[in-house]
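Each of the next two complexes has chain A plus one more chain, namely chain B in the first and chain C in the second.
Let's turn to the complex of A and B:
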């Protein structure tokens, strides 16, 4: 295919996963990937301006970052599929963008997310009818590996960065990792990026003490994973000198998800039916953190997120049974909430003083 | 010469300060209005504290600040500790009421609840959005009724049959109030109804899902209203403790936290003669366009914050000269 006929494909910003999509588009589909700028307040403002008021915040962020992708020159958009309403919002996003006068091709993953191989192929054929199966299969597997690496790196990062003896070293290593992934052209580039980052992490001097505070972060899929959406929640907690743990990520929830069937027996005391897309996993994870003796839990949701509001009473019961403090945070489209920092700091003081009394 | 500790609590409505000894004896204490000017208020407050202070025998070796302007005021006073108001209130209150289990607080514009176990906070909630469970609700309704807020408590306790006021929300409450006045409810009953409404809103809002256990301590400006205290006692079915120094608990907590902290810096009241100003600049480094607050002492920048990334520091440095920043 001639160079100028290549599609310019973009994907909404989601946590650190856009490099994976870029890799698949460039190496597998052999098309051009358009990376929009990192999300800023402008992204959210754009999204909030054009989205209906009643939709939850993740949709607004996704819409905003699609507009920024179109501005950056994309001609083809891939829409994420979420687990609940976000899944139905794909059409809405398309309508809004077309009404704004943008011209683009649109691939709504929700229409193909049946889990059947045939459907995935259909989706891919739409993007590039000439796509070759072998490089695509390979790029797909590499992409999955990339996701696992990203999740491993992030989780190591948030468990340790709060204890570095000289400020900023972990962040530099993480930034390097993201930059390396951005340049990856094949599997060995990906492996190298991961190896380099991990060995750099291991060399950073830390001072953890014998009983570091441990906090489990859980909640709504998008907001809990995306640091722009949760206003650097994990970083703010870690910076106070805390090990921050989070189960929710694409590796755990999508690639290696144990399934509701396997999780329900472990939480039968608290809930017996599926309450929402991430509810079962969140209840299970909250209970596991409590059993492991973590010092606190932070539950995150966007304003208007019904499934996560529904599990709050269950979490309250777990909190009471295991005597583990839980901080509940709701994010709406107004950021820069000074109250947020106050509550995180107060939560930290609380679990820290409590730990001293218990020990 | 004995070492003592100062705590300052600067809220949006009032500014409070104390100087305490190692044994938590209060040597000086003051309470003034912030009047939208935290720096001015704190300078005035420090001057008032100094008047009551015996410099021959005592020396302030550590200073803690709390409240919504804690960071700014912490910079101005070169504080050794800057703490959020939840922790400061919990620490202050548990020091004077070691067995407390629940701290209720209703201030002019916000309210909070703190649950305590074994002397440490285990759960809390705060409300900054809905006015219906705060003092602002009472003051707006008192203005409507033409009764000074300070008198509301005394009037309320005279009531035998408090009026039921639909008060899930300030707006509804107001229209219902007008209606109740028109159909002839007495002033006492209406005022008592308002006190109950504040309590109901508070319990439904910040207190929602919280297990309130006795002993209960009630603080904040509204705790001076005996009508609200009685309404709490009725709805919770337990005695409510109101400490006469309740309004100072945040400041006392800040002073205690300063004492517990290792850092020491002698405070000698010279801030009174210094000039402090703040400037807000926009970084402009990216579409976030962070608002960076720069604080200047006698024309020299001493601190800045509000930027989300390091690039903002550069912008702040450019504003090191306050006159340049004003442009």
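Let's turn to the complex of A and C:
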């Protein structure tokens, strides 16, 4: 019996999570996953060329990486949805790609968001009608574990990599971890990768001092997580010798989200309602960092991100109430990072001086 | 409904004045709000139509990256300070599946209360959130009850106010739709009602077009239910209520007009995507479309030049079409 032609599935680049999608597609759906190259300036240029000019920047990067995935040979694209403009990304991106003449199958999860969870099964059936429930469920659970590991490793990395005594040790361990995940075929591979990375992390000698500077990074879901989109913001801050903390990641926001119900009472002083898809979490996190005595906050968003613009007045008020400096960064499809570097350094100098005065 | 409601002493509704900013959703719910408070016996004050002062004050107050409509709204709120005790800022999340509002309307009460937290105003708000089973009636009645009115009275006030709003809407829609049958060049202005009806940004454009002998029809005044249905055919996952009405309206009347002006403010989140979608879908119908983005400009010369050249194109097309028609007849 001739084997059925497998789909070549691709997903737009999102931080480090593409390995998870690959794992689920290959092990759960038993299809081929096409990994496009890491995002470069070309990705953004491609996206910016074909996307409407006033749309938020993630759309441009997503469109660019979809084009690169199609160039890499994918024939099926998956797109997720969200509660802001992200909910319309799928359809507009498809229209633009089809106008450009690409031919592909498209799975836009926004079409299946009818409020019934059952409908997502239809989406999976579309990808592979013969998908078996057991391997799929297993791969799904492994995928979730993978997301948790990635987030844990990243979080540990950015909190410590600024203090290593020999430069580059942490980076090497993190790169090894990413490579290991790329080869993972089953749960024990994933666990091994995580264990190896964490034990290497713990062995690296660091020099933190008694009171290291701590900075909280918060902001728009995509830009804050994606290293390419925020031009390696966290790394640049950490390299100055700072503990960088970030709450926003997939495991916190999606898998273990404490829920509007639990977060909102803690910020009811500042707002009465949920202000946007990630607003409650960001306001809560800003307040928590301020209460814990962090030395500064960095608010990250892409140009024109409505929910994040709307919480800026709240953050300004938190900054004034708790006397915590906040750096507001807006990312667009810029080419250079010199301007950003200058702002980060100036911010660092300020919080460092401030710390010396206060202590 | 099992909780015991204590009358709230802090509201003294005989002397209380509610301020209504003449911006954003005022042009959609203005009648409803004013009538509702009138029925309850609460005094209201509506801010003056937008002028340069309101716009500049608003731009100063608002975060610099907010859209022009939000900046103008903040100007209206500021102009009401000192004239009222409460400012009505509703929070509207959605009306059902794929019928959400722009995030700005979701965040509006909190944005206002945070921007103006040092000012002596308080935000009066009702919360429409269908996933929490809060429709417009329940939301507004709950607001009135929290102000100390009885359930029955608030319910009655809402019913009357809603009826008045419905009547006003259908009157406006009828008037607007009748214009499609007028002779001459029919131009559709597609934009949110808070842009088109704004005294400072939208009205001058409408006025200019009317003065130049164009039959101007508004896309936002439409039978909303029918428009929602039609928009789903054009773009199945389009989820913003306000955009769906406009898109649906354009689809419904696609054979009735000669040109479209897509009027949006900088940087409108919805229009940035939906306008592009419409331009792409328009390749089938080939209607001339002018895409215009307004920012806090003070002069109209640039806008008028663009409109003038667009009108010239429409006139030429009409003449060519009429010429072709004659040739075909001959």
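Here, the second predicted complex is superposed on the first by the 347 of 359 C-alpha atoms of A that agree within 3 Å, B and C clash if a C-alpha of one lies under 4 Å from a C-alpha of the other, contacts with A are read in each partner's own complex, and residues count from 1 in each chain.
The definition used in the following text is that contacts are C-beta pairs under 8 Å (C-beta built on N, C-alpha and C of every residue); 3 or more make two chains touch, one makes a residue touch a chain.
What you see is a predicted model, and the numbers here were worked out from it, not measured in a lab.
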item	value
Chain C versus chain B on the shared chain A, clash or fit after superposition	fit
Contacts of A:325 with chain B and chain C, given as first, second, both or neither	first
Touched partner set for A:357, first chain B, second chain C, both or neither	first
Which of chain B and chain C A:135 touches, first, second, both or neither	neither
Partner chain(s) touched by A:41 [first = chain B, second = chain C, both, neither]	first
Which superposed partner A:345 touches (first chain B, second chain C, both, neither)	first
Contacts of A:276 with chain B and chain C, given as first, second, both or neither	second
For chain A as apex, the angle formed with chain B and chain C - C-alpha centres, to the nearest 10 degrees	80
Which superposed partner A:54 touches (first chain B, second chain C, both, neither)	second
Chain B versus chain C, judged by how many residues of chain A each one touches	C
Smallest separation of CA atoms, chain C relative to chain B, angstrom	6
Intersection of chain A interface sets (partners chain B, chain C)	313, 316
List of chain C residues in touch with chain A within their complex	63, 65-67, 91, 93, 97, 100, 102-104, 106-107, 109-111, 113-115, 117, 123, 125, 127, 235-240, 266-277, 280-281, 293
Chain A to chain B touching residues, read off their complex	37, 40-43, 313, 316, 320, 323, 325-326, 338-339, 342-343, 345-346, 349-350, 353-354, 357
Residues of chain B touching chain A in the complex	68, 83-87, 90, 118-124, 126, 128, 209, 211, 286-289
Contact set on chain A toward chain C in their complex	51-56, 59, 81, 83-85, 87-88, 90-92, 95-96, 99, 108, 110-111, 114-115, 270-277, 279, 303-304, 306-307, 309-314, 316-317, 330
